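Here's a structure for you.
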Amino acid sequence: MRAGVIMGNGKLNIAIVGSSGYTGGELMRILINHPDALVTVITSEKSAGHPITSVFPHLAGLTALVCEPLDPETVAKKADFVFLALPHVTAQEAAFRFHKLGKKVVDLSADYRLADPALYEKWYEHCHQYPELLKTAVYGLPELHREKIKKASLVANPGCYPTGAILGIAPLLNKSMIDPQSIIIDSKSGVSGAGRSPSLAHHYPEVNEGFMAYKVGTHRHTPEIEQELSSLAATQITLSFTPHLVPMNRGILTTIYAKVATQTDTGLLHSLYREFYKNEPFVRVLPAGYLPNVRNVRGSNFCDIGIIADPRTGRSVVVTAIDNLVKGASGQAVQNMNLMMGFEETSGLKFAGLFP
Amino acid sequence: MRAGVIMGNGKLNIAIVGSSGYTGGELMRILINHPDALVTVITSEKSAGHPITSVFPHLAGLTALVCEPLDPETVAKKADFVFLALPHVTAQEAAFRFHKLGKKVVDLSADYRLADPALYEKWYEHCHQYPELLKTAVYGLPELHREKIKKASLVANPGCYPTGAILGIAPLLNKSMIDPQSIIIDSKSGVSGAGRSPSLAHHYPEVNEGFMAYKVGTHRHTPEIEQELSSLAATQITLSFTPHLVPMNRGILTTIYAKVATQTDTGLLHSLYREFYKNEPFVRVLPAGYLPNVRNVRGSNFCDIGIIADPRTGRSVVVTAIDNLVKGASGQAVQNMNLMMGFEETSGLKFAGLFP
Amino acid sequence: MRAGVIMGNGKLNIAIVGSSGYTGGELMRILINHPDALVTVITSEKSAGHPITSVFPHLAGLTALVCEPLDPETVAKKADFVFLALPHVTAQEAAFRFHKLGKKVVDLSADYRLADPALYEKWYEHCHQYPELLKTAVYGLPELHREKIKKASLVANPGCYPTGAILGIAPLLNKSMIDPQSIIIDSKSGVSGAGRSPSLAHHYPEVNEGFMAYKVGTHRHTPEIEQELSSLAATQITLSFTPHLVPMNRGILTTIYAKVATQTDTGLLHSLYREFYKNEPFVRVLPAGYLPNVRNVRGSNFCDIGIIADPRTGRSVVVTAIDNLVKGASGQAVQNMNLMMGFEETSGLKFAGLFP
Amino acid sequence: MRAGVIMGNGKLNIAIVGSSGYTGGELMRILINHPDALVTVITSEKSAGHPITSVFPHLAGLTALVCEPLDPETVAKKADFVFLALPHVTAQEAAFRFHKLGKKVVDLSADYRLADPALYEKWYEHCHQYPELLKTAVYGLPELHREKIKKASLVANPGCYPTGAILGIAPLLNKSMIDPQSIIIDSKSGVSGAGRSPSLAHHYPEVNEGFMAYKVGTHRHTPEIEQELSSLAATQITLSFTPHLVPMNRGILTTIYAKVATQTDTGLLHSLYREFYKNEPFVRVLPAGYLPNVRNVRGSNFCDIGIIADPRTGRSVVVTAIDNLVKGASGQAVQNMNLMMGFEETSGLKFAGLFP
């Protein structure tokens, strides 16, 4: 059907590279029911030789895959599409090698998100080793870059915070409704966003019944948000971004403040958002006056958005909710794969979240 | 395909009666992706006239159904299969009326679970109004009553606690491995098991960071467990059952103690369980020595089981984990529907749980 | 010792009016160990005739008080100092009556916080019945109004959100370091802030694993914050205030953004805060670069503050943490009582929070 | 006042050895307000040179102590009473050395709890190095061993699970009301019981919304419970003990089943418990029919007990609740210190728990 693609079982063969973290597990969960794709190889250095169900017992009975160490040549023989769920820096070379082997790649790390390698070096403190490949990478936010994603062979899957932030502010910037230098993004994330490696900071009794801000003004997702918003506004935007840690497993709620450029009201802003996202299968603009809750997107690929105009202050307040592991990571990665492969965009992703 | 069944859109048309509680919402979530069934009507007295997405915003974008008040005749015109997610007592008559209208029914309430109406009256403090219909009802635990369920027109879906308890102890009783009068069942449930009606006992700050036992020796699920176990053991069993409330949304972990009748060890017991459940699609007997965790079944229809023989005390300890809203309620209800309708038993239920 | 005050057991006799809510319980918890005060009467309409330990079993063994219905004359015979933990509107008259009876009062409701009765009417949708008494009330934030509180007979205890917000921004406004119209306050509160009355919105499974914003731009604590900050800045301030609900029992974290008027850095701002609060027993300005976490103030009367200057955006970001039931309510009420009665300000309040 | 005791500031000088874990922090929290004792030295290898408030920011403003490495001679010059909050094995020698230096010691580890060194070796897989000192150690459960504790120089502070289990079953055994071989103890603990060292098993997203049993039949607290109960019953008892992990910070609820030897009812059992514990300041036998909840003892030194006779099964069901870090560790340690030093037993411990 799709020329040049090896199809096993009539489905696209998939590799998940770095499968023992939460995004790897979530890719497995989603792809188990994907009608067009089949995971045929998974890699994990530390769990090599062990079934993935020893790492993720919730998948028992649904997959018999065994983790193997990452060897791109070996992986390439078994799969035609690669999801990289590796730490940044490590992902750089893996993407390069799979790309050379002719595989399409969605990289869930930050390595190919920032178009400017100097910006990457500044924020990630590593020199980018593959600036030529970087030029070909597409930022994988379908709502903004759908057509480019369809043609891309390397897609940089957006960060979790940027997904909720960019989707929240894009319509206002697109219509020049706000002062682009007035944007303040206050985000609150569940703990799975910090990954699966144990640390004191994420030890249960330290997190539970706690709440804190962290990396104020210095979080690495900041340049990614600024890059996309600057492009939308056609002007260089500098913004405040503050992440917070919420005692819950999943979800990011993002509250975005901006000075409204012209007089407006909630009804007008709401119409603008409804129009902007009218064809988007995974953006739900809530009824006017309603505000999102992360519980309603838990486990799903939806981004819920509420928008309020505050006439007292002349500011708009946008609130968005996503599941950081789904629309903020693995679900969006599958959405990107669907686009890159010409599948139905919603294929394998039309499931409701889990509530309660 | 199935004679005499009205099929809309080539699928079985489904009614969910009492759709605004957690089990109703969970039926919706599961059935949205069922390949053979389509929900065509939902009822809710208090939300009549409102879209189900106003009650369950997590379903937005996936269904346009509007709640209506319960009128069996009207409902019967739109659906051929009825799930009753009503409170007990109320469900009695609804089951009777849909049965008279020729509809197959899965009743999620307790009204048709106890074969002996006197027992029902004793524990539920209401006289059973439909003892004749009660005689035809089948207790809907597929692992024990699969063949009867296939032929039933009214299935009493098991309680959440009984599901985890009975599946945990059945193999031991079946093989006469334990003293049937020595059974102690210590269960721990997430808060969704208490339903969606607000009360001080389930107000967030009262539950969170708390843990308690309740209804010690008097919980209404006790006779249901005893009925099924007595039948298995072919002797009248009286057992201790203690429910506890866990500060989490979903899941029941059940720890079951019994005096082992003959000398044994963990390996032998494990083999027994593996054999007993070898063909069961939704029972996962964990590797020997492993114990279940409710997090691994969250959102899925699996029941995970671990079994330990304790040579010091001469007791076996079985631990089971289910999601109370899925295998303990709505998932099992769909499994029963699949059996009653001749669908693949796992149809619409082969999804992984949500972890983390 | 203190002339004109009836002292039982050598201690000040205290009434808690409205003792069955969380702030009432917290007053009891704190006052049990107060060296200078003794609770001699507690009122609760719905628990009248019942021991307070039936309402708050955690107090068993520490008090034998029995709730009684509110009759000011009767109460006044048993106590010389009154804490009102009543809903707003209801508190108005109670304050008036106890005041007439010559009692000193700390009112934990909103009824005497807004100096302008028109503002009260606008935000609370009730006409203030006691404007004359209102004129005498002092806003009970000791860090700003200590001397007035000492002389007051009626103190309006600040709201929980305003306490964290005002303490966070006061030093910057006091030194004219920020643009007073640029203030954005993004607050996150535990669920006890919503009180003890059950509701679907605060039913455990609805809140747990959820996170949401609410009352964006319309929360009633907004005018209270603006009143105090406007007074500090000597100019009318309008600000954005957004509350959020965090799945935890206690605590408010407040993140405050403002445009810095002159060039500055984190070190300078930190010094400013250290200086401003150097004599405050309950404000802990964290070491430079550190940020607060609500877990560190849980159960204590401290307000922790962190301050960051973000040179990229020209904004300051202040983060404060309080326990909403202690510094945000009952602890601060006791601090006010201490001041009003000439006790040591920290009397009964020098305890550490509970971690973890 | 107490001959031979060096008193600084008119108070007993205290050392906390191993202060960076949760029990160390809890000792600090409690002792800060102790009228008769003053912590003068704290040790922590990994935090040596750092203020304790860098390890426990919730103590900021209440102590200026700096951690030092453990050197018994140095510590002994500054303190006359030592709390050992070290891992087992490590504690053995520390206890020995402080004992030789003439200091009274409460050891919070397991090293001196089991009177039989062979039992220690069997369960802890280390040979006990100080069997002579072990003979002098007293098991520090005041409700059972008050008089011995008063005279002891080395007290082995009970484990958290044993505290709740032994207090729950002691009255029944004491009165020979139950079959001593029929005891089943099903315990549920908050996560702080697992200590402060990060691990995947206690990483927030792995624990939250999860529930599991662990170490079924093999937990090291088993022999400790059996030792004390056997002594009470004057017969060797073997029992089933199953610990579970609850997604909450603090608290242990223990559900205890036993076959009642003679016919009885809840009222009789309740009277028995009330009588047995009538003089105990920290045991609260709840009103007949009431059951405890860990939320009511959180942060306090109370043990709450409920007792039910189940006539259907001929079993008694006892439920106890403690805070594992207070009555289950540091609070009980202070209670033991009070007894050993001749202080009021409740000194520094008469505070209410934190609810909600």
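To keep things simple, chains are lettered A, B, C and D as they appear, and every chain counts its residues starting from 1.
Following the convention adopted for this analysis, a residue touches a chain if its C-beta (ideal position, glycine included) is under 8 Å from a C-beta of that chain, and two chains touch if they have at least 3 such contacts.
Predicted model only: the values in this text are computed from it and were never measured.
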Apart from chain B, which chains still form joined groups through touching: one piece
Comparison of A-C and A-B (more C-beta pairs in contact): A-C
Chain of greatest Cα-centre distance to chain D: A
Computed distance of Cα centres, chain D from chain A, in Å: 46
Whole-Å separation of chain centres (CA-atom averages), chain A against chain B: 36
For chain A paired with chain C, centre-to-centre distance based on mean C-alpha positions, whole Å: 40
Two or more partner chains touched - positions in chain A: 22, 190, 192, 205, 208-209, 247-250, 293, 295, 298, 356
Complex contacts: residues of chain A adjacent to chain C: 184, 186, 188, 190, 205-206, 208-214, 216-217, 238-240, 242, 244, 246-251, 253, 255, 257, 291-295, 298, 306, 308, 310, 312-313, 315, 317, 319, 321, 356
Residues of chain B that touch chain C when the two form their complex: 22, 190-192, 196-200, 202-205, 207-209, 247-249
Touch list for chain C against partner chain D, complex: 22, 25, 28-29, 32-33, 56-62, 192, 209, 249-250, 281, 284, 286, 293, 295-300, 302, 304, 350-356
